[in-house]
Structures are given as structure tokens and as C-alpha cells.
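The following pair of complexes shares a single chain, chain A, combined with chain B in the former and chain C in the latter.
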Partner chain A sequence: MAGSLEFIKSTTYSGVSSFSITDCFSAKYDVYKVVADDIVTSTQAFLRLRFINSSGTIISTNDYDFADLFLKADATFTQRIYKSVDDIFDFNLSDGSLSGGAGNTIAEIYNPFDTSYTNLSWEASNIYSSTYGVGLKGVGVLKQSTSITGMHFLTNTGTVTSTIKVYGYK
Partner chain B sequence: MSGALIKIDEEIVTSSVASVDLGGANWDSSYDVYVVKLNNVQAVTDETSLMLRVLKSSSADSTANYDRAEKVLKAYGAFGDNYYTNGTELIMESTGNASTDTVNSNLYLFNFNNSSEYSFLTYLHSTYTWFDETRGISGGAVHTVASASNGVQFFINSGNISAGTFTLYGLKK
Partner chain C sequence: MPVGQAKVGLLGGVDLGKLELIETQVASNDSFLQFSDIKEDIYNVHLLITDEAKPSTNDHIPNRLRFYESGVLESASVYQSALQFCRADGTFLEINSTAINYINIGIEAGTGTGQTCNSYAYLYNLGDSSKYSFATFHTAARDNGNGNLKSTFGSGVLPQTSTVDGLYLFSAGATTSNIASGTFSLYGIKE
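And then the complex of A and B:
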């Protein structure tokens, strides 16, 4: 029997500070799974997410809200709350200063292609401060009623090597 | 190669309904773990809540045996903890009736086919609320009745469901 989670696209980038995955969202699916595993950065860095609209424009206006919880293995959990910012800053955290410090994020993207707000949630398993394990649970929204067709990723510092895979729920 | 996530049931709501059942007569007991996706769920009435009950022999179980604990991740304020025991249903998330008011979620169902175990759920909602804020809820729940379940029912605590796509998948063994 055919499965209901269909592979759409895989994109690999190496040693860059930003990259895009274009034309991965369409009218064929409403809900998407994004798998970003083995994200290797050149230093401790966040991988930030912006969406790309159907005109090919990377949306960098202050229309993103997000909230996430850092579940730290060594300390009290941290709440991070951001409203009207220009990206989803906490999509992933990797520590390139540490061998084995790659980050991993799984995200669900809801209704990017239709002209409603784009909601997302994500969960991640990472390392920070060169030592400690940390889990991430986050939710966010792009408050623009525009059709989204792609994603743009950028680091807050240094470079990243990553393969991002996109799947659609049938 | 065949896929591992198999669609079992789907209900697409485009006009007002009192409830949505996933499974029931369409339940396929050949899986250990199930995935439920909610997409763009909205209510007829503003400032209401989406609720869930498990199905026993295709009927929603309203006995006071639902426990849950969850963390509310708010983009507008300090995070919160919600928990209770022995509820008559699971309160999933707040709903509204504006075009941007949507509940989206990824749920996992465990042990539903095991007649000697409780029925367990985990979930992560991603919601744009009726008060125009973003939040998520990450939690776990259990129906503390040791009997088999054959699906879930969604309904609104006051009024009807107006829109949304509800999909049930099985995770292939």
C-alpha cells in the first residue's frame, strides 16, 4: 500500500551562512514535515528560518511570532518568547566547536501554500555550551496572508552544513 | 517501496458539524501506533474549546477517566502548565471563528488496541488563537480504562465545528 507521507525534496548545502529551499510547498499538500538532521555549524550557532513567498521574495519583515522551550539537561528550562520579529530564530541550535555537536530538528508546517497565516511547530535535540544536551519544543506563525512556496535558512554566526528534507502529508 | 504512514480515515469539515469521529467503523487494528493530524480546525462559536474523547466500540467514552498534563508555549507571555485528573474529556485547545483562528496539531495514539492497557496520547498543537496570539501546547494524556479503543472523537465544548481536516494514519509495523 502506498504511504501517506510523500518525499518532496532534499537540498544539501555546505559551509554557507544562508541557503534556500525553493518550490517545496504547493497546492498538492496542506501539511508538511521538514527534517533537518545532522546540522553542523562552524561554531555554536542558531539556524534561523524565514519563508519565501510565491514571488520568490524572502520574507524578512517583522511578521513572525514564536515561542519555544529550551529543555536543558543541566539547568532550569528556558522560555523564549518573541513577537513581531523578522525570523524564527530558534529553529535549530548546533555547536560546531564540539565534535559531535550537530543539531537535529523536525518541524511541521501547516498551510503554507494557501493565503492564510502559516503556522508551524518544531522539536529539536541539540547540544549547547559544548557540553550539555538540550531539547527544543517550539511553535510559531508567519502573520502574512500570502502564498508560501519555500524556506530560507540563515545562521546567526558562522556557517552551516546541512541537508534539509521536505515531505508532504497526503 | 511502500510507505510506512498509512491513511486510515479522514474527515474534511466544510460546514457545521457537532463532532468528528476518526476510526470507529473505519478503525484498522493492525497498527501499534497511530498519528492524527489536525489542520485548520475552526469553531462556529468564538472563544470555545476543541475537546477529545476516545471511542470504545465506536462510541465516545464520557466517563471521568481522562488525565492530562501539558506545557503551554505562549508567544505573548509566561508559559503555563495545565493538568487535571479524572476529567470527562480532554480539553485540546481554544478555538475561534475568525479566518485566522486555527488549531493545527500532531497527535500520537498508543496502546489503543490493547484490551489490558490504558489508551495513551501525546500531542503538539500549533494554534493561532481567538485572541489573535500564537501558542503551542505540548502534552501527554491517558484514558485510564484498561480496554481497547477504536478511535477518537473531536467536538467543541459549546457549539459546533465549522471547518478543518482531521486525518488518522497508522504507523506501519
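And then the complex of A and C:
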């Protein structure tokens, strides 16, 4: 009997400022789970997300909205609200090469392949300022009526090492 | 069916799916629950589901989480946690700590009808001795004292580079209590 969380693709990148995972969304599934674990950056950096359309183009136009909450163990939480920007900036915040402090993000991507807006939600955990735990919970949307087939990740500074795994909900 | 043939689909492409159940425990007035074979050497990401948990004492949290590190329970105030509390009566709170002796993957529940705690928690890097062990979680519950629907979401971390090879769940408020009931299921997310 087949299970309901089906593995599609896994990609590991090491020491790069950007990378793509192509052909991971299709008509086979409506909802996807993306697991990004062991996120380590060369310096404190955000791991940003853009989507790739069915023509293979990385969408970098100001068509993303997102909102999230940074939950800090040591301080007042921070809300971030962005409309009409060119990426999901806060997919993860990594504190660089802090020993042991590899961050993680789990995201749910809704209906990327059909020609409607692509919505997502995500939660993440990491260390910031070398010492303190931080969680992140967010929602976002790509406001283009277009078919999405992949993802592109990039840092705002420095390089990143991570493994990205994509699953489909059956 | 031979596993090897199944993996390459020679016998109809059997894929058992990548959310693999490791263990389910059903509480019955237990002072604690222990998951001791969490297969941390196989999975880098675990999922712990709490279903309809109730404490033996009203308004206690029936699923506070601690980790075993190489078989030794970590109960010192070395965990960090940050969560957003949301309640249907309009109360929203930020709750955080840099020195706490558990991670709250649940919220207060009660002994009455419908006063249960339900949650999911993702656990990361447990088996990697070079990394800290993180958690993200989301809960929904009703307690006895206030009675309104409430929820929390947040994260926690044991900021120690260690191998976590077991989970410890207990119930407490101002004092400890028992996990009166509830079903707790641990899964691994496999590649």
C-alpha cells in the first residue's frame, strides 16, 4: 500500500550563493512539502526563495508578498510584512558557520503547477547572534497566474550549504 | 515481497511513502512517556503528533518535551524557546526564554470534556552530534480555567552539539502532574 507523502527530489548544494531545484512541481500533486535542513551560511544571512516557471525562468519581478514573525528566545518578536517584492526574503535566517547551529525550514507549497497564484507557508528554526534561538513562521504568495515547476534559492550575502528535499502529498 | 525488488519497482512500484511511523504511545495516567528508539541514525527530521492529550490536573501542559542525549535525560535549564500564544478571546502573548528546562510543544488543557491539547512538532538534527537539536511546533487546545480555544506556534532548541537518542514527555503546570490520556505518535521523514 503506497504512503501519502511521496519523495520527489533531493538536492544538496555546498558553498554557493544561489542554486535551483528544477522540475520538482508537476500536475501529479497539488500540495508539496519542502524540507530544507542543515542550512549553514558563510556569514549571518537570509536564505531567499524565488520560483521558476514552466519556461525555466526564475521569477524575480516584484510579484511576491509575504508576512512572517520572528520569534526570538531573548527579545521582543519581530513582524515583517512585505508586499510586491522580488522574492520571499525570509525563507530562513542562518547565523553563519556557528558550530552546531545549522538551521531548518519546512514549507508547504500550494498549487504551484496550475496557472494560478502560488501560495506557501513555512516554519523555520535557527540560532541568531551566535547565541539565541529563533523561530520563524510565515506565509507568502507569488501573485502571477503562471505554472511553477521549480525553486531558486539565493542568499543576501555570503554562501550557503543545504540539502533541499521535495515531497508531494498524495 | 523482497525489499530490494520493491525499491526498484520490479513488482509494481511499491513505495511505502516517506512519512514513516516509528512508534505510537497511548497515555494512561503516566508520570511520563519515553520514546527510546527514535531511529535518529536514519531520520534527520522527525514529526511528533500529540492527539487529544489531557493532564491529570486542570490547566497543566500535558506534553512538555525534553531530550535524552546519549541515553542521559537533559533536564537542566539549557533549552531555549520562543512561542506566540493566541486565544479566541483576543489575548495574544509572546512567551520566550533563554534558559528553560523543557520545550513547550503543547499548551494548557484540562480534565473536562473537549479540554484537550493537540499539536505537531517537527524535530531537526536529533541524531547529528555536530549540530544543535531544534523544534518547531503548532498547537490547538482548550483548558479548564479560561475555556476558550487557544493556540501556540513557535520553536525551541537545545543548543548543545550532541546526539539526541530519546524523547521524554511529561505533564506540568506550577507542579508536575500525570499525562492522563492522549495518543503520541512519532514519525520520521525519509528521503
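In this section, the second predicted complex is superposed on the first by the 169 of 170 C-alpha atoms of A that agree within 3 Å, B and C clash if a C-alpha of one lies under 4 Å from a C-alpha of the other, contacts with A are read in each partner's own complex, and residues count from 1 in each chain.
Convention: contacts are C-beta pairs under 8 Å (C-beta built on N, C-alpha and C of every residue); 3 or more make two chains touch, one makes a residue touch a chain.
Source: prediction; values computed, not measured.
On the superposed chain A, the positions of chain B and chain C overlap enough to count as a clash. Judged by the touch definition given at the top, the superposed model places A:104 against chain C, while chain B stays out of reach. Touch criterion met: A:31 reaches chain B, while chain C stays clear of it.
Of the two partner chains, chain B is the only one that A:65 touches; chain C does not reach it. In the superposition on chain A, A:124 makes contact with chain C only, while chain B stays out of contact range. In the superposition on chain A, A:6 makes contact with both chain B and chain C.
Once chain A of one complex is fitted onto chain A of the other, the partner contacts of A:138 are limited to chain B, with no touch recorded for chain C.
By the touch criterion defined above, A:73 lies against chain C but remains apart from chain B after alignment on the C-alpha atoms of chain A. When the two complexes are superposed via chain A, 81-89 is the only one of 81-89, 99-107 or 153-161 in chain C with C-alpha atoms clashing against chain B. Overlap of the chain B and chain C interfaces on chain A comprises residues 1-6, 69, 123, 137, 170. Interface residues of chain A facing chain C in the complex, by the touch rule stated above, are 1-7, 10, 35, 37-38, 69, 71-77, 99-104, 106, 123-127, 131-137, 165, 167, 170.
Contact residues of chain B toward chain A in the complex are 2-7, 37, 39-40, 71, 73-79, 99-100, 102, 104, 106, 124-128, 133-136, 138, 165, 167, 169, 172. If you check the complex, the residues on chain C that touch chain A are 14-20, 44-45, 80-84, 94, 96-98, 122, 124-125, 128, 130-132, 134-136, 138, 153-157, 159-161, 189-191.
Contact residues of chain A toward chain B in the complex are 1-6, 30-31, 65-69, 79, 81-83, 108, 110-111, 116-117, 119-121, 123, 137-141, 169-170.
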